[in-house]
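Two complexes follow with chain A in common, the first pairing it with chain B and the second with chain C.
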Partner chain A sequence: MSTAQTTNSLAPPRTPAEPKRGTPRRRPRRLGTALALAPAGLLILAFAGYPLIESGYLSLTRWGGIGSPTWTGFSNYSGLFTDGTVAHAALVTVEFAVLATVGIVVLATALAATVSAGVKGRAFYRVIWFLPGIAPVTAVGIFWSQAAVPQQGAVNVVLGWLGLGDEHEWLAQSSTAIYPTAAAAVWAGVGFAFILILGATEQIDVSIYEAAKIDGASRLRQFFAITLPLIRPVLAITTMLEFVWAANGFTMVWAMTGGGPGTATQTLPVLIYVKAFQFTDFGSASAMAVLSGAVLLVLGLIGLRLSNGRETSR
Partner chain B sequence: MSTNIVTRRRPRGFGALLSWLAQLPLAIWTLIVLAPFVMITLLGLRSNLDIYAHPLGFGGSYHFDNISSAWDGPLGSSGMSTFFRNTIIAAVTALVVNLTAGTTAAYFATKLSDRMRTWYLRLFLLGTVVPFVLLLIPYYQAYSAAGLIDSPVALGVAYAALGLPNTVLILNAYFRDFPKEITEAAALDGLGEFGCYLRIVLPLSRGAITGVSMLLLVWVWSETQLGLVLLQDSYAQTVAVGLLGFRSQFTSDLGPLFAGLTISMMPILVLYLFFSRFITKGIALGGSFR
Partner chain C sequence: MRHEPRTLPRRRVSAVIAGAALTVGTLAGCGNSGNLAGSSGGVTTITVQQQAGDANVATIQSAVKLFEAANPDIKVNIQIITVDTKNTTNANVLSSANPPDVGVVPTNSPSYSQLVKNHKLLSLQSVWSAEDLKSRYGSALASALTAPDGNNYVVSVDSVYYSIAYYNPKLFQQAGISVPADHRITSANQLYSMVGALKKIGKQGLGLGGKSGYAASWMLDALLPTSASTAQVNNYLTSWQSAVPETAKYTDPAFTNAVQQLSDFNAHGVYQDGFLAADTPAVEAAFESGDLGMTIDGSWEAASFRKVMGDNLGWLLLPPVNATAKTQITAFAGDGMGIPANAKHPAQAEKFLEFYMSEQNMAASVIKAGGNLAPVFMPSSAYSGLDPLVQQMLADGKANGVQSGWTSTVPGTLGQSFFDPLIQSMYAGQASVAGISAKLQAQLATTRAGN
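For the complex of A and B:
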């Protein structure tokens, strides 16, 4: 039986005849189906639906974390723009997300193009390069923040060997602290993007490359004229996903810098956390969450549109 | 798909040099990927003096005490042993709740009419884009009202719910391709719909279920933002959250800190090396870590 070989794989067991889609289904208005669907539906509504409404409500109140919230109308929102904190955090968020996204997508594309150009060991690379994405983000952040310390940190030691100086204090300076943080996010994120992009490059028919080779196109020319245009849809999805994840990302920034020095690397998720859980100003924090969350939600929806069924239609 | 097995001529001269040069960046990236893991492991076994003398960990004597310091934790606080227990409690809760509700929903959603199914799945699709910042404060409010702060089990339920979009969407796509012949044969033999799901479909879907479980597990192992908010006492914290407290308590004692990093990464990395095939397949099917 074919089932014996396929039980362990992710592909559904194969059958000799393709099952026909679109045959008329019987109306399944049955209680059993409803009962089977209810728990997951209720859980997602309770944990991803209700909080949106509650966040909206809390953003219109003053609440210190205990007792019941006091209604204050839109004063939290107007308060957000009196000082530059939120605007600054928004800028930092965009800077961090752009740096991380560009780094991840460019590196992953270059690596995927090289590997798919027939380099041996693609299975090995696929497994190994994904490791940084598996390790706990806090552990990764703690390591890289330690590695960026002057003289004693690994990065500075290696730069010292190369004659580039080992006294760099990136994390201690407001102007540079964002760079090692974004670099650590790139280190951790490349593996995931690499798998997505490599998947797209592997779909390209080799005969196209062979035709190009006969016409005398160089490897580089082939990359820009064939690979890049053909993987553009996947690149767009990957870029969108990585941007939204980076802009949502709290842990890497928190573990690397805690938002510091001062507020130099305070992204919106960090600012919201600090405002709520260190200053117990849950109302203002909710207002920030609603504003920034709305932007991220829209970006996410655009991403869904772009990927139109990376998940559903497969 | 065309075959990838193209007979490749062995490049000579300049061509050989070029193909060797193409390998070089890959080797460098591999080194950058692996070096931190090696260094963390080595530094975790060094004394403080050795770490200052050899900052990359290559040199000095082995100092296995670090591991027990990290395992027991600093005085008056919790160590890796506690964090591990909590992570395992949260992860097991998440897996059980997520798979029970998610797999069942994914399978029985295939029984819905196309219109109903689209609507049902849209719930989960929207769940993939809900920003975390909008969840934290309402969760904190609800959990503290219910007295569930510092409960790894309650945190695990939240993880289970937030992992549902992945589970339901991936498995639903999988179940829709599930051959009808098999389930119809079972129905002819007198098996009810639920019995067919439990006794025929589930056992044949172990691969796909392993895939979504691994995605969930890797995410839960690393999740920090929610854990930080819902687990306040170090006694209740998970590995990812506890490490942050570790750092502030071991500032002058780097050996145990690195040993803690090693311990925190080891189980999930080993699990990954065994199941990497399922994870990459799960990602190809549209999965992600939340």
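For the complex of A and C:
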């Protein structure tokens, strides 16, 4: 067998009549693809595109929820910056989102690392940690707000048993109300992040850990030197997703505090709801929604970019 | 590994098509599912909204039963909505192409003014005339229910007393508290000493659902008439309309002193621990279980308290701001019903409202079944079945007068929706009395500009 023959035999067989890009035979296939994608595209346009455009339009009008909107230009946007309420709500949103995101990602990573390390009953823990994630958020919020009631609430009762006092009024004080709210968001959100991070953790080749073990690396060293760097892309995307969800989250904050006491826990989604439905000021509410949506979109894109960059560099 | 595209068996294709058809059919049906009204076999079905709550549900069920018996050609489908829905998204439902035939319209919420302004409610002049509501309501309420164009688009369907301080007589006895005469706490100091005595026996003072978003401002409604003159109170109640000259400012002592009194209550620990995180149902439960010596609530709750506490129940009114003033009972008659402009059966809906406002229905449903008060004049005998405490309140109102609450009267964008977060902020140490007053004064200008 000659070399040329060998080379030919190893080469992939070329399909006899593979059409070139843009040739007439390729067009029907592209048309088929476009037709197949059309329903999804139409749905996206109807349920994402139209509301976006409508929100943008409403943000440039004065509208009380009924009747025809009155065009006001950018006055709703300029109004946002003269009123300290929006700046305050933005700060509260960032605080809440950071607390919830850090709590969720750190806890989920620790839990995933523990479960993937082969603890006894790992299948059981997978289910248990995921359960809070499927509970209705309103129910979770109401439960935790009741649990934080001084003297009678479950958390205060347990703290009382431990000798740590049972009269803590976290939700009733503006300086502390955000913390139990974020803690409840962590409790409810950790399950989903745990599943994502656990999946990434279990993708890591066992032989890497075995080699590290032979080299004398402790479990903790293995976690920081192997696990964390290798799951970084998933951690980045999880962090970004959790931040966006927390910043956009309405139900937990509303169920636990209603944005109070006063405006202490009034996040942007809560303020948007209040403006739109309690004050029938849909124009300002839409302007806030558009602005906060744009900020979160940019953050999301940065997160995706970072995640992609890191994955490529691997 | 590449998978060859699989071909679906013909039966499966048929099943998919049938499923899709069913889904489309179901979705198409959704467009009409919010309102089950219609006509069949000579019977017209109308949909009537009612606000959630034991008393409200009992009232509407009784009214519907009586109405259907008197009108066999009309069937009523009851649609219960929450308080939150009533004040927020329900306006969109009522202005839609497929609204209920009779909708709940709270006259102190922005929804009401939006609906009237955009002609989304039918005029109820014929109901008002048929039931002689102008004279039966009395001039003050009739005037409050009349729109700027002179028409009446709603009927007020019940009335309640609120900002009542219920107390637990056994706890008062244990704490050595003498029950104030005439149901009136005479001064803030008397209230502080009562709360102090309760705390000495390990109980909390005055229960307040600070998170609920309305209870905090109820108290202002009770205090304002004891801080301001009658003329000032009337101006506070009406100056949100640009046609009314603004003679009383929210920065005046008449208003700020009442807010200051609330701030002082908080500073003296009158309310229970953690009250800003407590909602009203939780506070009611704590009062019933004997953890609280007193609680702020309304006349509608007397019967519920009695079920748990029996005769161990009494009521008081908050201390006046000015020592010379006498606190009056505060009333709310803003729960309205109206007929949406797009209602499918307006004639039947009018018939229902005429029946609802009749003396017969007021006595048998609103008062007897639900335990609320009628917004129209009724003979004393109609109230004979009410809880004894509510009868005492009625007698007190007749003797000492009844005051319309400020948050019950002014639009929510100036009143409850705007004021509650401010009061919460003040209690949480985030806002001062002067700051709140200045914000209200600025908001008054905005409200007047739109009315």
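Annotations
Operating definition for what follows: the second predicted complex is superposed on the first by the 260 of 314 C-alpha atoms of A that agree within 3 Å, B and C clash if a C-alpha of one lies under 4 Å from a C-alpha of the other, contacts with A are read in each partner's own complex, and residues count from 1 in each chain.
Following the convention adopted for this analysis, a residue touches a chain if its C-beta (ideal position, glycine included) is under 8 Å from a C-beta of that chain, and two chains touch if they have at least 3 such contacts.
It should be emphasised that the depicted structure is a prediction, and the values quoted were computed from it without experimental measurement.
Within the superposed three-chain model, A:Ala46 lies in touch with chain B and out of touch with chain C [touch as defined at top]. In the superposition on chain A, A:Ala212 makes contact with neither chain B nor chain C. In the superposition on chain A, A:Ile128 makes contact with chain B only, while chain C stays out of contact range. Contacts of A:Gln146 after superposition: both chain B and chain C are touched. In the superposition on chain A, contact is made by A:Phe277 with both chain B and chain C. Note on chain A: of its two partners chain C and chain B, the one contacting more of its residues is B. Contacts of A:Leu297 after superposition on the shared chain: chain B is touched, whereas chain C is not. Looking at the shared chain after the overlay, A:Gly260 reaches chain C, while chain B stays out of its contact range. After overlaying the two complexes on the shared chain, residue contacts for A:Val94 are found with neither chain B nor chain C. Within chain A, the residues touching chain B in one complex and chain C in the other are 65, 146, 151-152, 277. Looking at the complex, you find that chain A touches chain B at residues 3, 6-15, 17, 19, 25, 27-28, 32-33, 36-37, 39-41, 43-52, 54-55, 58, 63, 65, 107, 110-111, 114-115, 117-119, 125-140, 142-144, 146-147, 151-154, 157, 187, 190-192, 195-196, 199, 202-203, 205-207, 210, 219, 241, 244, 248, 250-251, 254-255, 268-269, 272-273, 276-277, 282, 285-286, 288-290, 292-293, 296-297, 300-301, 303-304, 310-312, 314.
Residues of chain C that touch chain A in their complex: 87-89, 91-92, 95, 110-111, 114-115, 117-118, 120, 210-211, 213, 273-278, 282, 286, 291, 412-413, 417-418, 421-422, 424-431. Across the complex, chain A is touched by residues 1-2, 4, 6, 8, 18, 22-23, 25-26, 29-30, 32-37, 39-40, 51-52, 55-56, 97, 100-102, 104-105, 107-109, 111-113, 120-121, 123-142, 144, 158, 160-162, 164-165, 168-170, 173-175, 177-182, 193-194, 203-208, 211, 218, 221-222, 224-225, 228-229, 239-241, 243-244, 247, 254, 257, 261, 264-265, 268-269, 272-273, 276, 278-286, 288-289 of chain B.
Of all the residues in chain A, the ones that touch chain C in their complex are 64-67, 145-146, 148-152, 167, 169-174, 177, 257-264, 266, 274, 277-280.
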